[in-house]
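Same chain, two partners: subunit A is paired with subunit B first, then with subunit C.
Moving on, here comes the complex of A and B:
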C-alpha cells in the first residue's frame, strides 16, 4: 500500500476512534483522497450552534505537501472567502508540517473561527466590516450561521424554503434603514445592497461616506 | 478597495487560456474552480489580478511555482563531485570564495555531495552523512546497533512532544529500516550499497520521510529542554524573539524551513553525534583563505568522528574526503 493511502487510512481511523474532539471525517465518494470534514461552531462565538462542513482534497505528495481545504458551508469570517469558502491559514500554505493531520488541521480551522485575523484577510470586505464594527460583524456572522449552518433560531429547519425568508440586507451586514433610504431615491434594491456592502457602509464609517459618494457608485 | 482607485495594471504574465468570468473577490481567484495553470497544474496569476493585491502567502506560492517551473529540478541529493567542480563555478566570481575553496581542498576536503536548495538541505545532508558513515564503518554491526539503539531511545521524547505516534512511526521506520539494511538483508536479500543509499535519498518519499523524522526529533529535543534554548529562538527574518511553540511549529516542524544554530545543536544532541560545519562565506578579512569551522559536539564517545557539512549562505551540502572512502 502506498504511504499516502496508509497514512490517510490511519488518520480516518484515528478520527473515528476519538469521541472527544467533535471532529468528523467522512468519505464523499469511493476515493479516500477526497473527503468531507465537519465540526461544530465554537462556543461563545457567532458560529456557536452551527455545523460547518469542509471540503478536503489530499494531494499526491501528502503528507509532504499541505492538504487542500475549503469551507463547503458558507461562513462570514475575515479569513474565509464569503464567495468560495477559500481559507487563509498559514498551516494550509507555507507553515504546513507533515506532523499535522486532517484532525489537527480541522481543529485549527475551528480555532480560526474563534480568533479572526483581520490583518491577514482572505475576504477584504468582511475584514473591513470586522474592523469597522465588531458588534455589527458578529450579528452578520451569527445570521450566516443561522441560515447556512443550521444555527440556533435558524430557518433551515423551519420547513419554509430558505430563499423565501432570507434577508439579503442582513446577509450583507447592512442596516435596513440605509438600504431603504437609497432604494427610495429610485435605485434597484440589489444594486443598493451591493454598493453599500462594497463601500463598507456600516457603523462609524457611515459618517465618512457622503450620500453623493454612494449615488456616484450607484450610477456606475 | 474600489476598482477606480487602482493604478494601471502591470504587464501580464500570460493572457491566453484564462477564464472569461472574473470572480468579484480578487483573493478568491487563486482558488476558483478552473484557474489557468502551468503545465504542472499550478495556478498562475489570473488576468485581472494586480500582483499588489496578493496575500504574502499567495505571493510566496506563486514565486515557488514559478521557480519550480523555470529551474530544472536538481536531484534531492547528488553524486559525489570533486571540489574542483565547485571551484569552477566561482572562477569568475569572488576571489575570497576561491581562496576558501582552495583552503578546504588543501585541508583534505576534496569532494562535495550537493543537496537540492529546498530548505530541507541541512536535515537531508546530516541524514545522508549519518547513514553513509555507518555504511563505511570498520565494524558495521556494532555501529548500526548503537545507532539504532540511540534512535530507539528518543521515542519517549517524541511522545513527550505530543506528536501522534501513528504520524512519526512511519517516518522513523523509514530511517531505521534503511540503517538496518546495512547489516540485515532486506526482503530481496540485498544489503545497502553506496548506490542504493543514494537511490533511497533521491527517491522523494523515503528521502522526505527521513527529513521529517529528523525535523520532529529536533523539535522534540528543543521542547524537552526549553531552558537550554530559551533566548535563542528567533524569527530568521526579523530576529524577533519567538515563543517555543511558534518556533518549533514554524521553523522546525514545517517543511522547507532552513535550519540554523538552534536546530543544528538540538539535532546533534538528540542523535548524540558531532557535526562540523565549514563556513564557505567569503568572509576572509586577512585574505589568507581561511575557513571557519563550527563544531557541535554531542557524541558520548570521545573518539567519534564528526559529520562534516559545507555551509554557503542559506545552504548546506555534505563535505567529504575521497581518502576516507573505499
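Moving on, here comes the complex of A and C:
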C-alpha cells in the first residue's frame, strides 16, 4: 500500500478512536487526500462555543511536505485571513516536521486561536484592530463566532435576520454611532463601513483620524 | 584606490593578511600554521603568471567542477585538522558559517559547544560536553564498517557527540545495551513491517524508507544542503555520510545533494563565481574583484575554461564584455537607454519647444499657426518665429532668415541640447552594436566565397583565414567602441575626456576603414593585395583597441576619470 495512503488512513482512524481531544476529521468526498477537520473554539477566548471547520489538502509528498490547511469557517483572528481563511502558522510552512499529524496540526490551530500573534499577521486589518483595542477586537471575534461558527446566542441558524443592518457594523468591528454619523452626511452605508474598517476607526485610534480624512477617503 | 590590485602573482596569497581579515581563503591559509594544506589549496587558485599582463586584463583563474570540489575539500580538511573533528562535522560547521573559515575558527575557539549546537551537530542538552563535535569517528569501528558520519542504528548506540558515554553505549553490542522496544513502529509511516531504522545523534528514530523519502523531498524540492532531523523542533543536521547511506541507491539525488553543497560553497565565496552560460560547470576564481570597492577601478571581464566564448563580467550580470567602462557606469547607461531612448527619439522627431516658455509641443494637425496652450504665445511651426510677423497671410513662411525666427530656433536648440547630447551618444552606441551584428552576417557570406576560392584557386585554407580574424577583431573593437560612448556620455568635460575621445576617434576610424575593406569585392586577382591590406589593418586596429583599453584601465587605477553625475563608489 502507498505509504501516504497508509499514513492518512491511520491518522483518520486514530482520530476517530480518540474521544478526548474533540478533534474530528471527515472525508469531503471519496478521496482520502481532501479532508475536513473540525474542532471547538478554545475556552476563555472569543471563539468559545464556536465550531470551526478546516479544509485539509494532503500534498503528494506528505508527510515530508506540510499539509495544506485553511479555515472554511470565517474567523476573526490576526493570523487568519478574514476573506479566504488562509492561515499564517510556522508549522504549516518551514517549521513543519514529518512527525506532525493532522490531529496535532489541528490542535496547533486550536491553540493559535488562544494566542494570536499580531506581529506576524495574515490579515493586517484585523491585526491593527487587535493592537488598537483588544476589547473591541474580542467583541468582534465573539460576534463572528456567533454568526459564522454557531457560537452562543448565535443567529446563524435563524436565517435572514431582521438585524441585518446591525450585523454589518458589528462584523466590521465598528461602533454604530460612528457609522451613523457619516451615513448622516449622505454617504452610502456600505461604503462608510468599508472606509472606517480600512482606516481602523476604532478605540483610541478614532482620536487620531480627523473627520476630514474620513470624508476624503469616502469621496475617493 | 583599492590595494587589492597591486599584488603580483607571487605574493597574492599573503598580501592582505593585515587589512582584510574577513577576506577569503588566502588569508585563512596565511594565518594558519598548516603549511602543507595551504600550499595544495593555493595551487588551485593560483593564477598562472603571464609574462605581460595588460592593465585592462585582470587576474583570474578558471576551475573545473573537480577543482572546486578539491578546494572545498581542502577547506574541510583544514578545519577538520585544526579542530580535530571529523570531516563531515567540519563540513557542517563550515556550511553553518557560510564557509567563512576565520569566523568559524574564532567562534569555535571561543565557544565550541555553542557553535556545535547552532550548527546542528550536537543536541542542546549535551551542551555541557564541550569540544565534542568530532567524536563520531571514534565509534566508527563499532558501527561495523559504516565509517564516520553519525549514522546510527536503532541499537541505542551513543550519540557520537559525547566523549563520556555510558558504558552501554560505548559497546553497543554488549548485553547491557538497552533493548529495542518491541515492536518499534516508525512514527511517520506507521508501517510495522519496517525493520531498518536510522537516527541522527539526537536518537530520533525513523524507518530507512521515511528517511530516504524525506531527504529526497528536501533535496529535490527545496534544494536544501543542510537537512534537519525529522522530529519536530529538532535542530540536528544530517551529516553527509548519513545522507549518503540513507539515500541508499538513489545516486542521482546524492549527486544533486553534493552539487547543492558545492553551489553553497561557491555562492558563499566572494572570489568565486559560476560561469553563467547554460549548463556550463566551470567556476572562475577572481580574488581581485571579490570586493565591491574594487569595481570602481577594474572591469573584471573573465572567461571560463570551458570555452573562450564563455565570457562574462565577474562584477555584474549586465553584459558579457563592457570594457572599458566600469560596472556601475555601464549599468547606469543601460538603464538610461531602456528608460529614455524611445521616448527621446519620439520627442525629437515629433515635437518642438515653444520659443517662449519651452513647453514641449506636438503638432497634431492643422495649420502652422501655433498657439502655446501654456503661455498663449503664437508662433509659426515652420520657422518658429512669432506669428505676428507673418501678418494675415494664411501661410507664407518664406522668412527663414528673419532675425526673430533665428533667435527662436536658437532658444529651442539650447533647450534641446541635453536631449541631443544624449541622442548623439546613444545613436553611436546603438550603431556599433548594430554594425557588429551586421559584420558577422557579412562574414558568413564572405566565408562561402572564400571556400569557393579555395577550390578554384591555389589558395590554402590557412591563407583565407585572414577574413575570419579581421571580422573577429572588428566585432571585438565595436564592442569596445560601443561602451566608450556610454563612458564618454558620463565623463566630465576636460583634458582627460578629450584624450579619451581622441583614442576613441582613432579606434573608430581604424575600425571603419577595416570594415570597409571587408566589404570590398573579392576576386582572385586582387586577393593577395587585399589580404595584405586586411592583415595590416587588422593588426593596426588591434593595436588601437589595446591602447584604448589600456589607457582607460590605467585611468581608473590612477583615478583620472571624473564623472558628470554621481557614480556609485566615487565620492
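We adopt the following convention: the second predicted complex is superposed on the first by the 210 of 220 C-alpha atoms of A that agree within 3 Å, B and C clash if a C-alpha of one lies under 4 Å from a C-alpha of the other, contacts with A are read in each partner's own complex, and residues count from 1 in each chain.
Criterion: a contact is a pair of C-beta atoms (placed from the backbone, for glycine too) under 8 Å apart; a residue touches a chain by one contact, two chains touch by 3 or more.
Remember, predicted model here, so these are calculated numbers, not experimental data.
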Superposition on subunit A - do subunit B and subunit C clash or fit: clash
First, second, both or neither for A:3, with subunit B first and subunit C second: both
Partner chain in contact with A:189 - subunit B first, subunit C second, else both or neither: neither
Which superposed partner A:97 touches (first subunit B, second subunit C, both, neither): both
Contacts of A:84 with subunit B and subunit C, given as first, second, both or neither: first
Partner chain in contact with A:61 - subunit B first, subunit C second, else both or neither: both
Partner chain(s) touched by A:124 [first = subunit B, second = subunit C, both, neither]: first
Residue contacts with subunit A in the superposition, subunit B compared against subunit C: B
On subunit A, the residue positions that both subunit B and subunit C contact, one per complex: 3, 6-7, 10, 61, 63-65, 95, 97-99
Residues of subunit B defined as touching subunit A within the complex: 1-2, 23-28, 30-32, 55-57, 60-61, 163-164, 166-168, 170-171, 204-205, 208-209, 212, 215-216, 249-250, 253-256
Residues of subunit A defined as touching subunit B within the complex: 3, 6-7, 10-11, 14, 61, 63-65, 70, 81-84, 86, 88, 90, 93-99, 101, 120-125, 198, 217
Touch list for subunit A against partner subunit C, complex: 3, 6-7, 10, 61, 63-65, 91, 95, 97-100
Interfacial residue positions of subunit C with respect to subunit A in the complex: 187-191, 206, 209-210, 213-214, 216-218, 221, 230-234
